[in-house]
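Take this structure, written in structure tokens, and hold onto it; I'll ask about it next.
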Amino acid sequence: MSAWEALRERFDLPEEPSAEEPPVIDVSRHVEMAAALKEFGFTMYVTVCATHFPEEAPKAKKGEDPPPPIPEHWEVATVLRRPGARSETFAWRVSVERPVVPTLFPLFAGADWQEREQYDLVGVIFEGHPDLRRLMMPEDWDGHPLRKDYAIDTRVHPWR
Amino acid sequence: MAVDEGSRNYEHPAYDYMERMPGLSLAMTTVDKVLEWSATNSLWIFPMATSCCAIEFISSAAARVDIDQIGSVVRPTPRHCDVMIVAGTITVKMAPRVKKLWEQMPEPKWCIAMGSCAISGDFYRDIYSVVPGIDTVVPVDVYIPGCPPNADQVLHGLERLQAMIRSDRAGGGMPREERPETAKMINPENRRVGDPERDPSLTDAQHDASRNLGVGANSDRTRDARPIGDIAEDEAADVRGSVDDLEEGA
Amino acid sequence: MLDNPIVWAFAIGGPLITFLMGGGAVATWWERRFAGKMQTRFGPNRVGPQGILQPVADAFKMMQKEDIVPRAADRTLFNLAPIFPPFLVIASAAVIPFAATVDATGKYDPTGAVAELDIGILWVLSMAGLMVFPIWVAGWSANNKYTLLSGMRMVAQGISYEIPMVLCALIPVIYAGSLSLSDIVAYQHEHGWIALSLSPSMFVGAAAMLLFFLTSLAEANRIPFDIPEAESELIAGVMVEYTGIKFGIFMLAEYLHTIVAAALTSALFLGGPSPLFGPAGPIAGLIWMLGKTLVLFVLIYWLRWSLYRFRSDQLMDLCWKVLVPMSLLLVMLAALMVAGGFA
Amino acid sequence: MDIEDYDPDADLMALNMGPQHPSTHGVFRIKLILDGERIVKAVPYPGYLHRGVEKLCEKLTYVQITPIFDKHDYVAPMTNEQAINMAFEKLLGLEVPQRAKVLRTILAELQRIASHLLWLGTFTLDIGGTIGGGASLMMYTFRERELILDLFEALTGCRFHYNTHCPGGNRHDVPEGWETVVRHVMDTIEPRIDEYEAICDSEIFLMRTEGVGLISPDLALETGQSGPVLRASGIDHDLRRDAPYHAYDQVQVRVHVETAGDCLARYKVRVAEMRESIRLVRELLGLLEPGPIVGSKPIKSLVQFKASGGQVYVGIETPRGELGTYLVGGGDQRGAAPYRCKIRPPSLHAMSVLPYVLPGHQVSDVVTILGSLDPIMGEVDR
């Protein structure tokens, strides 16, 4: 039985895994999902990717009222891997309106630096992370460079 | 040139003695020739090797090229070196260290920017964390273009530097290449935290943001098995003054 | 006139110091060429024939460099420390006989030492023991954590390795029954070299020579014992903060130390100027002495460019758990040999 | 463990290694709290080479991104190009022709040999010192590495930073006689690996590496180790065999696993991988059949490829471990550029194990352990 089948009922996943669309689950079940997968053999922490989606107004169709704007939100995708023969990955997403996501550090020590990096660059707070400092940028840097409203050439520091 | 080079006209005090000593001043030309010969043929290198170019720089010390031919040795401490070769991208976080290490080198000293990242930032030049050219931080004498330059180009760059030093000693001055756009690239939009010129509202907003999102509230530990201490202990070590914020020799 | 010890000291000491200094300088060039050949590189080859003027260029360049004393350093000690290492090394070379004369009666008389002390070995070993101090002072006074660690390592290593070194140096003393290096050489001329005679005592002698050679490598900070100057972790050891010619003096002292260690080993265990075959005149003695020194010197650099380095605790383990007991055992064996009349 | 709790009377010293240090493999800073020479605590500070690659990827089109990926792991650019281009191909739904697949696999294996050669040289440099035996071995390994770089130069025109992969295929087909030269180079390198082993089979090398830097299998998995570090800890996992991509399903990859988990085991795994790569290159050269090397859509313009808003993750086995790319497609509005590109660098995970491993070791072991993890700071910091 594949991991997908085992977890489908419990987490309301779609019928078939999609190659391009990792399932979105509720943020309250984020840690539960990781724990369930870890029990299922997905013991290797691969990556976490936080993406910033600023507020966006979709294009209105002709003759219709413009649809309501999509509010600013963050998506945090997590990938785990089952090591060994016929290794496979499992990815899922959580979507949040405030950039606060529970940490996976108690489950996977490898989440330590990856989450610090996402906090540093995207500004997502991993709640419960014991040591959430900036990893890449200097400690006194302003802003989170990978947010979409952060201009690419915003240099905060004078460097000499 | 964006970098103040007023302090670069270094002359060893021995020259002064030699000029005043009767008789020896006649031999100045010969002595100066010997000194120039020795200075150009013993350029010891401090490798500010950060990224890709560092690998090619190591190759230049290896079998095919071997910069040891012209007497260049790589020494790991800036105090022993004559030439700083900046090989690789320098970031905003690293630039103060480069500056400090440059200042730790004894005069007379020269700087070579190796590779397009060190010269102009390459295609990282517009990125928030990258210094667009090391010549905004330290004065550069020789540029070795390439991404990365081949190993033999490093040897060629050193030989160009030798020619420059000879020209300088002969009174021709140090011919150097300039990048005119350097000067206007050094003013950042925002000031560093703690800088009096910084807009206080920025600092307040940052504090508010972190407080609202609960960064400080999260610092209690969740795992007992973790062998390293948490951030508070780390800070404590800093407060006790036991940390040299920057390396002395490294 | 040469009977006057002061005239003698100048007559011999001047050439000796010149030779050692020049030899130290040439050694730097030679080592770089040698390393180049070992590593399929060229090595310095631009200044002078085969790049032999490279040490001259390096020395003049170092003299031109700015002299930096770190603000936090202890200025007096920092400036004082580089003076002593070459002084101590040359002083310890003063008692090594570099040649020998044979008078009409056939009496072999090693000579050529600046001062023929009766306690020659004691002098050499005490000078070697003093070497720890300038290096520790250099490490301490620079007020840098890397130099401090390096100085501490140097003290620990120097003091520990002195013990097996002294014990191994005792074995020629036991055999020859004298503390004078000239007497030891004369004994070896008569009875065969301590490390290479055809008697039962040879095994003890050869083992003692091996241990003595190893410990003198440690005293001279050569690989595999160069943890005080472990540049992959401690950057450049105690020399991190020294600029220009002060650093150059330290470097020179290291090379001198190597030469003197090789000369001492050959005098103590390989007969010094005593020839293996052929005539035993002063010139032949000088050539033999230099030849033996050169062979050991090449060996040191051969080892240096092929071996890795110990960790500091492993170094101490090696000293206290292996070298000290072994050298004690060797001393006892040597005493038994002498008592049993084998030597 | 709190410093004060550890020993109130101890005179602890904080030693700052880096960011510019001869043995940190680039600009890496690590703060060591020392008790004498013993490490009580180690705090790493990466980020001195953060070049904002991920932000830059959002500004460029799919075709433009490949040369940037060359630079982020500058010791193995070939495998980096493959990682990002495989992610593009999955997102854009492009097929790679058979010849390009085999060629990519050959290039990846050659790159693995070159990367491990460089690692061996720098590792022994850390143990033996820049003036010592380590430097000698480093010169030898660089001599052999140059041979492989020459192969790449003949193929792409560059010593590194090749930009030879593109979405859907390769740019450069092999020149005439290239296969013969590859075989010749393999024949040259193979006996030399035995020589390196003979050099490293010395008592001092074993003393410095055996039992040093132990990483248990649990710790290795939990901290997300991959590649040789993981295999040295006894986990039998290699993406080339377990999740084959390119032409790895057409050959049999033998995975070398060591159980000790120390620096010596990592050394053994990498040396065995070099031999295995030589064998694979020879086998793969036989599979290189004539055919196109670019897929159905040769590149004509920079904005040719448009992706939906999908999200994909692709991980491949580089010399350092699993290099993955998490791509968020551009969607309708920014179709020609990725919306978000997250790189999963193996070196970052390798370095994050340092605080767990270093305490209890000596200062000299720091460089040994750091070197045995084979970190590339360009990859850690990006």
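Letters A, B, C and D name the chains as they come in the text, with residue numbers starting at 1 for each one.
Assume a contact is a pair of C-beta atoms (placed from the backbone, for glycine too) under 8 Å apart; a residue touches a chain by one contact, two chains touch by 3 or more.
Everything numeric here is computed off the predicted structure, so don't read it as measured data.
Between the contact lists of subunit B and subunit D, the overlap consists of A, C. Note on connectivity: the fewest steps through touching chains from subunit A to subunit B is 1. A separation of 25 Å divides the Cα centre of subunit A from that of subunit D. Centroids of subunit C and subunit D (each the mean of its C-alpha atoms) stand 45 Å apart. Per-chain Cα centroids separate subunit B from subunit C by 38 Å. Averaging Cα coordinates per chain places subunit A and subunit C 64 Å apart.
In subunit A, the residues that reach two or more other chains under the touch definition are 109, 136-138, 145, 152. Within subunit C, contacts with two or more other chains are made by residues 39-41, 145-146, 231, 235. Contact of a single residue of subunit D with at least two other chains is seen at positions 13, 16, 21-22, 47, 50, 52, 55-56, 130, 139, 143, 356. Here, these are the chain pairs in contact: A-B, A-D, B-C, B-D, C-D. In the complex of the two chains, the subunit C residues touching subunit D come out as 35, 38-41, 145-146, 149, 153, 223-224, 226-227, 230-235, 304-314. Subunit A makes touch with subunit D in their complex at residues 19-22, 43-47, 49, 51, 77, 79, 81, 83-89, 91, 93, 108-110, 112-114, 117, 121, 134-138, 145-146, 152. Subunit B meets subunit D in the complex at residues 48-52, 54-56, 58-59, 62-64, 74, 76, 88-89, 91, 93-94, 97, 101, 123-124, 127-130, 147-148, 150, 227-229, 233-234, 236-237, 242-247, 250.
For subunit B in complex with subunit C, the touching residues are 10, 12, 14, 34-35, 37-39, 41-42, 62-63, 66, 68-71, 73, 75-77, 79-80, 82, 104, 106-108, 244, 248-250. Subunit C meets subunit B in the complex at residues 32, 36, 39-47, 51, 54, 56-61, 63-68, 70, 144-147, 231, 235-236, 239-244, 247.
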